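Have a look at these structures, which come just after this line.
Two complexes follow with chain A in common, the first pairing it with chain B and the second with chain C.
Moving on, here comes the complex of A and B:
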């Protein structure tokens, strides 16, 4: 073999490795989407009333063939909840993935860094006091309040990232400080709230899909439909950021601007999901980590799979919340916390191990 | 044929003045230039100023007949390549991924076959083809320096700036990397400036030396002239003797004074 042919063979080998990995990534994302579709149908079936799998699929695909009873159960009651779980799960997965990317912190997600409690507090301001942070926004002021407070909190987080010597762990401590601040403020709200308002506040804190409606699903789809393509369009810049701030800057990424825009997007995702289903912990943490382990951190695979993983977790939780005790629907926030906390602790321990080496 | 020049460059970090009216004569393309100077003499800062990552308070960076400040950040960075040497995070990105990123320059979403072949070829030529599927977080310091050199060289540019590309490399790889940089600069007829600590390497590989110290250019010119300048010993605070090696190359010996 000549030198030239030898070199070509080597180069081919290297390129083949990358092609194989790209093809695997596409296959995995497709596969995850298919599993998610099955999970949605299972979510619809779970609960009282005997529904068959294929019959349910048929009713979902061709609503005209359904009996009135099926239409009510599937289309009016179960499907909005099942889809809400999917969309909110995807929103939290995306929010977590991008927070971890821009803050360069494996423990970052809307809940651990205090964005979700901040959004809850914003919502509480609206419910208990009827205060609107931005006047004149009308009926959506609960969501707007949640967004504005979440955004202000992320600006505080952004300011901390600008300080020198703030480590990954220190950021989490800042997050805990924010978390407790807003929990205390929330308790303050609860103390002064009427019984009706109190019930509503508890709903925020536990996180529940029970109040899902078609318009709410629609708003979530629109928000995700705008932000996910935006994040995807910035794929290379976001991936570059993971090589380190200096390297990203030398490739032409405007690091501060990108961080600020992405944090604004994450705040919006968090605020909308908190406003509709309450604070759901750890989906934004676990989803991206599963995606990272499977496809790595090239955003072109990482981001879609984070969204799908988040959606699958929340959809699975929705099924579990109905299946644990027949006839009782547990708030999903409780379940995700119970699943997420061991995961969170194991991540912190893995982090510690790296520092010891 | 685009040369690089620096006129009246001043810069400070807050109240700390790094450069005061620094001038560097036109650095010719097609030759390798070494930037030498003690620690904290401003080598990295000078590179950041040239590439536009830092803004000078005064002065002009000339690219050919043009003022580099008139270019947009993107355009300037694609003409002046500056690649920091180490990866900050233990990201789940492979060596192929990060070199592909340098190849794409943040443009376009899809990766074409041409892109893939270019990256495969660059990795093979840079001697790191076997690391293609390794995660950047798992690389040793030396390996990540070699990846950075490949990242820097993958696209054509008018100016290449390397900040200590060999500091973590063993002897064999020091020579290989500097040889690779020198070849690329000559073939592409581009300006190549390498910041080096090892004066012997600088003497061996560079056609032109620039000595930086106390925020000023203390000497510039051919290696033999700069290395025998008294300013060299003064700024490093050592005694320096120049000799000749077994293959008639310049050897720099330093003694504590």
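Moving on, here comes the complex of A and C:
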């Protein structure tokens, strides 16, 4: 019977430890969500038109009492941009997190694997040559092109994973090849572009939230709303995958199927976000690393926190870009790096241990 | 081609050749040295007679200088005129069909597809480039390579700093084409028409200058507003016409993206969008299709839709009927004084009551151009 008592005590300890870790994880995610909420509020109350905090709240809560100008400023200009920053940031954070997980590579992200340049190239086809990949879509053909080319590219990546004996390293290399291919094609397009077309291309290459609208925000929310819960439901298998392919397989995970499904999800997240806001680098790479440094590898904490970190980076960028010169719009991809990198480097320096194992 | 047209064409050729041969005899042996708009000293062994245009829209400047066929010394260009101002291209095409068809498309001079070999094969002796691309031309070694091949490059400018560079550019073109007299005549006209505006504006007190927002290429992108100019080009036109340019108050550069919210907050007195017939190259544009084939009914519909855009319809300028649209290509041509006159009329209707930009434009065509004026070049919202 002593055995049993000892075991009980041990189990108790494990259970307590587990609960403590769970509670800590929940606390961290809640805390990050709270910070993000504050940032969104900041984002909505700042802008060239001085409206003030209470007036802004009033316009949001009782639109009927607002002047038409205030309604346009808050409802059509500021809110879609602020929410787009959050949703797209989260999408890129999740996409980067899962890309790093399934490819077991710290540098993997939608950008380094060439999906974002592919989308930019699709947009360039529309902007410079006026080609529509899918005929008859009208004014949105730039967005449609970006989406279709990004999805086709991920199909190529897909097809590649189906080849026998392809390692994750080889996949990363193929991604890099795709990245350079599309960058070269994009440069080719730029050469032939007129002044106005170049101005439009810059938006695709450096990203901008200025074109956010409610329908776009809605589509992004739906995509994220479907895929994030799906990834969370697979978090046990994904965490297992991070311990190594063989270990995950011995624990009963169908590694190649998991990889395929997750890659499909990541492609969709990337293609949709890039099609709407252009290619925003850095968020998908650094968001997950920040999350990993804070909560570690367990997907139940890592995934939500990656999403929140991505959202915070983009939301912070949105606020900062308005502060540089009020009224002038800067491509947002330019600023994400400038804002995120100091924070990222300070995190690396603060915990000088290997966070990627 | 009908018989009378043939006769006229023939007479024009005779007239042109007489005009050219007379001065040509005493200059053929003489080298031509000039300083271009980039400040480079360029020496040509003799007057060029086969010229490559870095931009097709340089024809706007060459046409008023040449008596007769403006294509005579031009061997090729970039197809931007065909793509972005098809109306003007068709005007040239109607007047000189063989020449318009003969134009070689050399492509973008700063791209890989611009072949120096093709320039050599066309026996070109001069490539005209626009100043905006000076750095690119230097970076890619284009000037050097052409120079080694014995082909001179000369920079002119009607876009970056048009109001400052138009006169020297026309002087340079006059010398290159051997049309100094025509250039002097055009410049006289230019100065006289510019002064009609600036003489009055200089005595306007600052507080009478309205705040003007220029929307560069309004409707080019269907889902987005706004591109605008700093204190350059249309931004400068506004300042010369007696307005305060919104873009100049925000940033230093040539052009940029501004947020619609900033425009709404600034509450401009006047809004002026630019438009041209882009619908042929890009059917989705909602811009006003201003130009030689501009139709008042169609453009009235289009400017009404632009004024209906979210955020625009509640602007004071729109509600006061002070939203206008003007031909985009004035921004890259020596005729920008027409735009400045029209903007001055919009900003200060009483001070410029007697000014008639349409008459000025018609006179420009009658005196200098190989074709007549037509179409519509500006419109206001109802």
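Everything below uses one rule, namely that the second predicted complex is superposed on the first by the 248 of 357 C-alpha atoms of A that agree within 3 Å, B and C clash if a C-alpha of one lies under 4 Å from a C-alpha of the other, contacts with A are read in each partner's own complex, and residues count from 1 in each chain.
Simple rule for what comes next: contacts are C-beta pairs under 8 Å (C-beta built on N, C-alpha and C of every residue); 3 or more make two chains touch, one makes a residue touch a chain.
Bear in mind the structure is a predicted one, so any value in this text is a computation, not a measurement.
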**Asked** Just chain B (first), just chain C (second), both, or neither: which does A:255 touch?
**Response** neither
**Message:** One more residue to check, A:104. First (chain B), second (chain C), both or neither?
**Reply:** first
**Message:** So in the superposed three-chain picture, is A:327 touching just chain B, just chain C, both, or none of them (first/second/both/neither)?
**Reply:** second
**Which of chain B and chain C A:221 touches, first, second, both or neither** = neither
**Message:** After the superposition on A, what does A:130 contact: first (chain B), second (chain C), both or neither?
**Reply:** second
**Prompt:** Touch check for A:77: first (chain B), second (chain C), both, or neither?
**Reply:** second
**Message:** Which partner chains sit in contact with A:22 here, chain B, chain C, both or neither? Use first/second/both/neither.
**Reply:** first
**Prompt:** Looking at the overlay, does A:68 come into contact with chain B only (first), chain C only (second), both, or neither?
**Reply:** second
**Prompt:** Which of the residues in chain C end up touching chain A in this complex?
**Reply:** 80, 83-84, 107-108, 110-113, 132, 217, 220-224, 227, 250-251, 255-266, 281-282, 284, 310-311, 314
**Asked** Given the complex with chain B, which residues does chain A contribute to the contact?
**Response** 7, 10-15, 17-19, 21-22, 104, 232-233, 235-237, 239-240, 242-247, 249-254, 292-293, 296-298, 300, 354
**Request:** Report the residues of chain A in contact with chain C in the complex, numbered from low to high.
**Result:** 47-50, 68-69, 72-73, 76-78, 130, 138-141, 188, 191-192, 194-196, 199-200, 203, 208, 210-211, 213, 322, 325-330
**Prompt:** Quick one: in the complex, what on chain B touches chain A?
**Reply:** 51, 53, 73-74, 77-78, 82-84, 86-94, 96-98, 100-102, 104-107, 109, 111, 116-117, 119-121, 123-124, 129, 132-133, 135-136
